[in-house]
Amino acid sequence: MHNKNQYLQEELLRTSGVNPKKCMRCGKCSATCPAYDEMEYHPHQFVNMVESGDIEPLLNSKSLYRCLSCFACIDRCPRGVEPAKLVEAVRLAAIRKQGANHLKADDVPAMLDDDIPQQALVSAFRKYAK
Amino acid sequence: MKVSYFPGCTLKTKAKDLDAYARKCAEVLGVTLEEIENWQCCGGVFSTSRDEVATKLSSVRALKAANDKEQPLVTVCSACHNVIKQTNHQMQTDAEFADKVNRYMAPEAPYGGETVVYHYLEMLRDLVGFDKIKEKVVNPQTGKKIAAYYGCLLLRPNKVMQMDDPENPRIIEDFIRAIGAEPVIYASRNECCGGYVAMESPELAKKKSNAVTSNAAAAGAEMMVTACPLCRYNLVKNGSEIPVVYFTELLADALGVKEDTNA
Amino acid sequence: MQRIGVFVCWCGSNIAGTVDVQAVSDALAHEPGVVFSTNYQYMCSQAGQNMIKDAVAEHKLTGIVVCSCSPRMHEATFRKTAAAAGINPYMVEIANIREQCSWVHKDMQTGTEKAIILGKAAVAKVNLNTPLTPGESPVTKRALVIGGGIAGIQTALDIADAGFPVDIVEKKPTIGGKMAQLDKTFPTLDCAACILTPKMVDVAQNDKIRIFSYSEVTDVKGFVGNFDVTIKKHARYVKEDICTGCGACTEKCPMKKVPNEFNLGMDNRSAIYIPFAQAVPKVATIDPNYCNMLKNGKCGVCSKVCAAGAIDYTQKDEFIEEKYGAIVVATGFNPISMDKFDEFAYNQSKDVITSLEFERLTNAAGPTAGKLLRPSDLKHPHTIVFVQCVGSRCDACAEKGKEYCSKICCMYTAKHAMLTRDKYPDTEVYVFYIDVRTPGKNFDEFYRRAVEEYGVHYIKGMVGKVTPEGDKLKVQASDLLANKQLHIDADLVVLAAAIEPDKSARPLATMLTASMDTNDFFTEAHPKLRPVESPTAGVFLSGACQGPKDIPETVSQAGAAASKVIGLLAKDKLTGNPCVASSNELMCNGCSTCERVCPYGAITYENKEFRMPDRTTAIRRIAVVNPAVCQGCGCCTVACPSGAMDLRGFANSQIIAEVDAICK
Amino acid sequence: MQVKEYKPLIVAFCCNWCSYAGADLAGNNRLNYPADVKIIRVPCSCRVNPMFVLRAFQRGADGVILCGCHPGDCHYTSGNYYTRRRMALLFSMLDYLGIEKERTRVEWVSAAEGAKFAATMNDFAEKVAALGENKRLEDLRCKR
């Protein structure tokens, strides 16, 4: 099968360090994912779809911004596949494009309240903007 | 005993009490926290991507500063701890990354992840000892049923954090026992509160934190303790039925120094 | 100097078609040591063999080279011929000029040249051959079976059936093993006790079988046919030969709060106890960790109520030494600890149980008398979730669990699910699976019945988290086919825990010098062709100590192990392979390198006195090879740094002579 | 000037249980391979002392190949693992001394793999022949 995303796929696997071939399709990552219902594509699908080169839908999916980075899928995967690292790699591939920042500085003030810790703000910028 | 201390940005602003209690208690326990000079924000989240270099430099600077003083590096905030420990681990295990960082920072001696990173809780357990804390308690928290809340950042990824059993942890429970209270075990203690999407998707964050607090309350907890300002914010804001406090506040109370701390 | 005869075979035209046999015998006639050289149509025929015998007599031959077919074909034939002619059979070498010459080359000149070189190599080797005699050792006609589960029981019964005495050593107070704890057995659903306990009685009544229960093997010395074994019999504080098993003591014992291991701690037993009603031997045992009399001398109730006077608080551990010809390992398995898998909340809720605990819960002799009640509140569960592959099939880098498939879980989970639906149709049963693996006679049919006839919900996916809340277990799982996350409020969660070898296996393997894999399963001598033998001669494997197995497989392996033992014990003497390693004691410096590479534990060390040139004596540590144990692989000869170790029949000098002959 | 056709000299050590039987099977099936290959039978590939390999090169062999049972199938459980490790070291040292890596090889051939045996020998002989004579380690005093 010709894979038009081969370059991107290799890049994702390299930067994430994930080997999707280790996956045994048990679905424990998606079983343990706390953000599952908010995601269009679920952790096991990230592994599957990157492996098969079907990356375009992931790049455009809101799922990228729903991952809580809680690493539950990393710790509980019986095969050591570490799906969250792949989600992160795809998210970076999406937001690193020119003008593709998911979070814009102008939108921030509306999201804040008096108590919100700095941590929430800086991490949101780290995760959603370049 | 002197250790390097990385407070982090949240502890300088919204979570000043977490910081103040931590310092005061350390004093009582015979540990001097030496704040790293000119530290910079860790960024609040660790990027697992191997090609993210610039965002990790602030952590490496802090680690390097501690290493120069030949001290372990202690953090209190769960997020800072997670980011710094993971960065340190990457410096140890990813030669290409370490090489890039060292070229960029051009230090006199290259840094290779030599610093030992402790969370304040680990410091209490491994450097001070819970037995010693027990001796120092003047105001035991007897009768309080307290639920430990680990969240995700303290324990995961376990391969790197190596703090405790990620599914069956006991470090905060042991801490709770040391100050005379009774720990409440509940399954959601190591589930995510949704903190990182507090701005992006408040509904999801609310759903997740409610699941945690209601599970703790159902298990009979009267109070929750956490080490993470974002967890605390998230749990409180989303209407926890039981109070959520920083573990350092409880410790200060138990050690009898809560009142004279300028929090 | 040898007097060698060379015999070149034509093999009809098989060899003679591509090799000029006359040229070969002529060429070899001038090789050093050769005093006679000839060729003949069929060397292996009676006439050919007689030709060899005559030549031996006529030319006073001391060595023979046969240029013919592969030694794998007729080496044994020509060795017998040599022996009949009065030459040591190990003075024969074969040059393989058929399979490895005439059949693979088409050109007569090429074939002939190569045949000559191969012949020269064989001659060069025979020049250095020495007569070898296989060692003989007697066989003690008694077998030891370690482990008294179904594997050990079956092996012992089969050996005893053939008329040989067998001893079973079992570390628990009774034999029966895991099978005694099971309720029903797949795929036929007959009750485990109904098929196991008669076998246990057979063992008890068989006069060829002795049972050492509450005992363990503490030392093994010797080798195949001649093992010296020390067995430690733990003090049970009850005289085994006097106790009638009436149970009066267990009833009257005031200490009743001891976790009952037979029911996996789900109920309690007394400090003096008989594990279960059909125990063999049916003898009480006092648990010294809980007995007040043994701990602080206060009580003595059991002694008072025992009509037979069997109680003996002063009993001591006893050591028994016995000789055996063969040892069978049948140490079995255990489910792994669920501590590292607490996302399933095993340590947080009594209602999260393992499958073995489920067996006890449904067993008529179990803590709930066979009623399916959940442990926390003894209420009937209405929703049950089974989780498969807990701790099986994990990647090594996941740092928990086992890499292998535990093999039995798919079937017993199907059994549990089916039986639950059969007895309690009001119960919803979910099984989360990664793959359903049911190879075996009537196995897949069984699993399909669970789904199609009994309405068990099989869901392709895994459980990610179990959260006990109130009296429910909130199960969060994935359904991969529906691409959904499921949330099920369950009353009972059953974990199909991976199985691992019993902890006693590793130290036992060390005692036996039997090899193990990284998972502590015993390694078989050959994975396909010698599956019930350990590479260590005289040690045999039965049951799950060699790898995960269900009952039918265990029983067939147990029988196979028994037949191998019978084959060994039926011999009066063991004849060894004389091509074994031996160490030159003058060159050996006792460094232990050879011992470490030997897969059979054939090498030991002894301190030997040497007369030194200056007339003093020195004691040096030297390697000694036990020829009865050595299999002759030669690994040690290469490992030996001082060149002291050599292999008879394939000596360094012999192989070098072959190399030289080929490269000349 | 007439040049004598160059024929490489190859020594093959075959373990008794798998590879030697594999070589026999190649014969049974009449599969051709060069007569330059001469087989020496050893009980196990781990019986092959590096000394034997050096001796062969010293005496003018152009290539040396060891054949054993497949990993995990060794008749003696673990012998071929030792072979693999020992020969990896030896071959890299030989490479350093100028004996090209193509002149040395360890190959796993089972008793059922007659075709593989023949194919291996053909390939090996071809590669060795392409390199020409072994000059580096040959002891001229042993010259034929």
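Letters A, B, C and D name the chains as they come in the text, with residue numbers starting at 1 for each one.
Going forward, contacts are C-beta pairs under 8 Å (C-beta built on N, C-alpha and C of every residue); 3 or more make two chains touch, one makes a residue touch a chain.
All values reported here derive from a predicted model rather than from experimental measurement.
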item	value
Pair with more cross-chain C-beta pairs in contact, given A-C and C-D	C-D
Between subunit C and subunit A, distance of the C-alpha-averaged centres to the nearest whole Å	48
CA centroid of subunit C to CA centroid of subunit D, Å	35
Inter-chain centre distance, subunit A versus subunit D - centres from mean C-alpha coordinates, in Å	52
Separation of subunit B from subunit D, taking each centre as the mean of its C-alpha atoms, in whole Å	61
Subunit A: positions in contact with at least two other chains	72
Multi-partner residues of subunit C (each touching 2 or more other chains)	343, 465
Chains that touch, pairwise	A-B, A-C, B-C, C-D
Complex contact set, residues of subunit C against subunit A	343, 389, 393-398, 401, 434, 460-465, 476-480, 483, 485
Of all residues in subunit C, those that touch subunit B in their complex	339-343, 345, 347-348, 399, 465-470
Residue ranges of subunit D in contact with subunit C within the complex	9, 11, 20-21, 23-24, 26-28, 30-33, 35, 38-44, 46-52, 55-56, 59-61, 72-73, 75-79, 82, 86, 118, 142, 144
Contact set on subunit B toward subunit A in their complex	8-10, 13-15, 41, 43-45, 47-52, 55, 77, 79, 151-152, 155-158, 166-167, 191-192, 194-201, 204, 208, 229-230, 233, 236-237
Subunit A residues within the subunit C interface of the complex	22, 24-33, 36-37, 42, 44-45, 72, 76-80
